[in-house]
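Beneath this line is the structure, given in structure tokens, with notes to follow.
In order of appearance the chains are A, B, C and D, and numbering begins at 1 in each one.
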């Protein structure tokens, strides 16, 4: 294939579909098996040093925060992170567990840029390749399709393309320029959902972000759920299953698993907590103190919930909008 | 008597006025959300806000805090995902796209990635493209909000071209492979309202904000800004606009 | 782009995304407008001679049969049909309205091959290009993504590829062979759904087939619905909207719109009617008689329903399984 | 005393026995549906049937009439769409794929497109690939059902290669770009059970059906069929198999 232009950044994860297929065939259960376990068990079993890792959805929104905290607690390091997010990426960077970042956006939206990202990248500790938000989602989509790349018409003409690892070719049907994005197959994906059964069949309410794509792009998939439901419930509305069991390796029951982020129809985001962390994040020592208190200082998600306090969490529940 | 207002309120009102009724708009965090909500309650009740993580046609009764939060799809007509939204824009269904940037050049190209000469490690690491690259590539008309109009932000040369404006000028988008007949439409800054000259695709001053002179705009722009034959003065926020903004759009004063 | 091999069949519809975008921008409403109309109005307004046309789902399953019958009644001809189906394709072919067929599968599953297809294609009246079922769905997916092509790893090594209009290239990331499918942008798409509001926001129960993709691949989209619901219902569960209003040009209220096919959770397929048609289809005169009776002989879907009879339809309702 | 049975029942039973428990299987219309339902009730209760239009893990309490009908997702664990199913197979999640064909060659390649020498207009137009091409490309092991074993169907050369078996022999699938370690696994015909020889990838007779000789199989095959060192005779349907098949799987006798 005649390549007109290539992005100059390193391709941190090679788009090897044959390797993915073989891994799946050797390691995943085709039948429905029970996968309920704790965060500790799931992370110990399915996250390894050096893994490529992706989280969904987005820092303050339906994010797998209890899983992220457990990864930090267990000190899984040299991670290759697919960086779309806020809190979860900030945490991983602050704990110094990240080697490379396929970054599209790490910041606090209206509250501004991430101080932790700045320190991690400007110091040269973390290597980056840049992509657009669409590009990252499409890279997962390519992996979900089981193909090595996917064509898109964005990224073109920009430094975002130039400092990615994408390629531009000429379309053999129309002659137009097309940007090819390499599929992003992850070693581990983390997704927080509203409901799952013990086999890993999952339902999500509201927007689905890139859950469909990331779930299918992951060799190992750890799901945390606000609620564990009976499989009969799943079978009653099969069209609501966004993640079928065979994609899933571990199901973790994690009420308030997205805290300090929100979970639509369940609880609103903890604005005060987030603002305090954002303030702390300006200073490395205070950032460390935050991690010490909220992550290293608690044994597990249950203790974290106790530390935050049910009164506070009930208030967040009361603040969330209905349908 | 003229109502008092702050700069943020002015930016929101001017941004809101740029959106026609009966259109779709790709909405980012902050001012675009307030502008869309205000426009819906003023002249554009049928404006449809679209958010990058999947919310389509939300009521915007309560102001979202992020582009994925539950308010972006509260009472929405659809709640899908990021691929569907980006692809909807790719197929030409989204009229307006709202963007911001740390730097903008005369062709409306934007930088939100790094400050400094070296990509890595950079002098200053900014958030990255996020959805901006797709918004700037696919929406028919992009509207850029620049809260601070000065020479460090309206620059001759970007440190990094994150999101495409007209790139290097007429025909450059098409040559790069981007969709025809798209590109930057308006730039709303604290000093004035800019458009893009038809032939050269260069930024052109259309209107100054109340109390701001043309010369002030030019003095605060690093590149040679074109100036319309007749530069008008933007109307300040009306009492009606301010009332709706303060009592209905953002009663908790999260942004204003 | 260095093409290793090209399918030899004609590409009946060019994958022109710029044309699609411009058409959409000039012709579709971005705001929510009311689109309720009859089959007659919808077909008269939105189907033209020579159009490329696709139907979803599949002959006997949630198929837009009332719309298909109306197209035949109005004699829209020289159609370029995306051929995945049974009854609906047989009807269009029998009425001699089809010039070209991008075919993946036209047959009666366990009841065997289509006699009407045989007559139409073996006589040379209808030109064909062959594709796999996945390939056709992916061609719609490419169009839905707004790109001119999509890579897949099937079709390779076969005559199905050779007599398609696809191309094989080398992946610039991995060096492996990849089949590129041209996007299939349709002039008109027809989809039958369970529920829609008057603006065209649609919900589908059960499997969604390729509704997501075909809806997004169509310039003009006509939706028929078993039930018209209030927009408040749509807004209450926005995650159930598979087709948002802006994709839709016409909403037709068509109870039993999939007859003689089934509609999950609503009514079972009319086995006797289908078997009789299948028997009739063996003979051109009898086929014509069927069309005369059930299509040309009735003015509209309402009359068709009367002809079939509510007693019969109620029996089909009683035969369908619950959840 | 041996139970009486017809040829269809025999085919279903032999096909059912090929499927291991705790696996996923891509199920086509007809015999594969009955075989999967029978297998689930016999030795493979945890077999997960997958249907190309989106049904995953249906109960198969009632026999589907088509691969998209509501019985393919009745009490299923998921009901998605065709792209998701094909892509699930593409990513290596589906163990078995069931196929049928008008013609098969010694490498297990299948024709379901045309009969005759010319593609268009063809002598006989058959249905086309449908999902077969993806099933034959992506599933780890494909099982082919051939109801009529004769020289017109077990041919030296296909009129049209619709779905890939081993193509032209060892290494050919990989060379064409298809996934490694995939391909035809078994062929179930009314005369016997065939597999594929490891080294040559050629079809090899493993077992004959009750009352059928090896010679009869060879006489009814146009190509040179390999023969296993020890050809066994398939067990006829057991009374248990027949009882389940007739009273539970297909009590309305739609297929048997």
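Note that a contact is a pair of C-beta atoms (placed from the backbone, for glycine too) under 8 Å apart; a residue touches a chain by one contact, two chains touch by 3 or more.
Just so you know, these numbers come straight off a predicted model, no measurement behind them.
A.B. asks: Looking at A-B and A-D, which pair shares more C-beta contacts?
C.D. replies: Top pair by contacting C-beta pairs is A-B.
A.B. asks: When the centre of a chain is set as the mean of its C-alpha atoms, what distance in Å lies between subunit B and subunit D?
C.D. replies: The mean C-alpha positions of subunit B and subunit D differ by 57 Å.
A.B. asks: Based only on mean CA positions, could you tell me how far subunit A sits from subunit B in angstrom?
C.D. replies: 28
A.B. asks: Let me have the rounded angstrom distance from the C-alpha centre of subunit A over to the C-alpha centre of subunit D, please.
C.D. replies: Here subunit A and subunit D have centroids separated by 39 Å.
A.B. asks: Using Cα averages as centroids, what's the distance between subunit A and subunit C in whole Å?
C.D. replies: For subunit A versus subunit C, the centre distance works out to 36 Å.
A.B. asks: Touching at least two other chains at once: which residues of subunit D meet that condition?
C.D. replies: In subunit D, 55, 73, 75, 79-80, 83, 90, 138, 179 touch at least two other chains.
A.B. asks: Give the residues of subunit A that touch two or more other chains, as numbers and ranges in rising order.
C.D. replies: Each of 17-18, 145-147, 152-153, 176, 178, 206-208, 236, 238-239, 323 in subunit A touches at least two other chains.
A.B. asks: Could you classify the connectivity of these chains, where an edge means two chains touch, as line, ring, star, complete or other?
C.D. replies: other
A.B. asks: Taking the top-of-page definition of touch, could you list the pairs of chains it picks out?
C.D. replies: Listed in label order, the chain pairs in contact are A-B, A-C, A-D, B-C, C-D.
A.B. asks: For the complex, which residues does subunit C have touching subunit D?
C.D. replies: Answer in residue numbers: 57-58, 60-62, 83, 103-107, 109-110, 113-114, 117-118, 121-124, 127-128, 130-135, 137-138, 141, 152-160, 163, 168, 176-179, 206-213, 262, 264-265, 268-269, 271, 320-321, 323.
A.B. asks: Give every residue of subunit B touching subunit A within the complex, in rising order.
C.D. replies: Subunit B residues touching subunit A: 29-30, 52-55, 62, 65-75, 79-83, 86, 90, 109, 113, 119-134, 137-138, 158, 160-164, 167, 172-173, 176-179, 255.
A.B. asks: Where on subunit A does subunit C make contact in their complex?
C.D. replies: Touching subunit C from subunit A are residues 1-3, 11, 14-18, 145-153, 167, 169-174, 176, 178, 180, 182, 204-208, 236-239, 323.
A.B. asks: Could you pull out which subunit C residues touch subunit B in their complex?
C.D. replies: Interface residues on the subunit C side: 17-18, 20-22, 24-25, 28-32, 144-147, 199, 201, 216, 231, 234-236, 238-239, 241, 244-247.
A.B. asks: Which stretch or stretches of subunit B touch subunit C in the complex?
C.D. replies: The contact residues of subunit B facing subunit C are 21-24, 46-48, 55-57, 59, 73, 75-80, 83, 87-88, 90-93, 95, 138, 140, 179-181.
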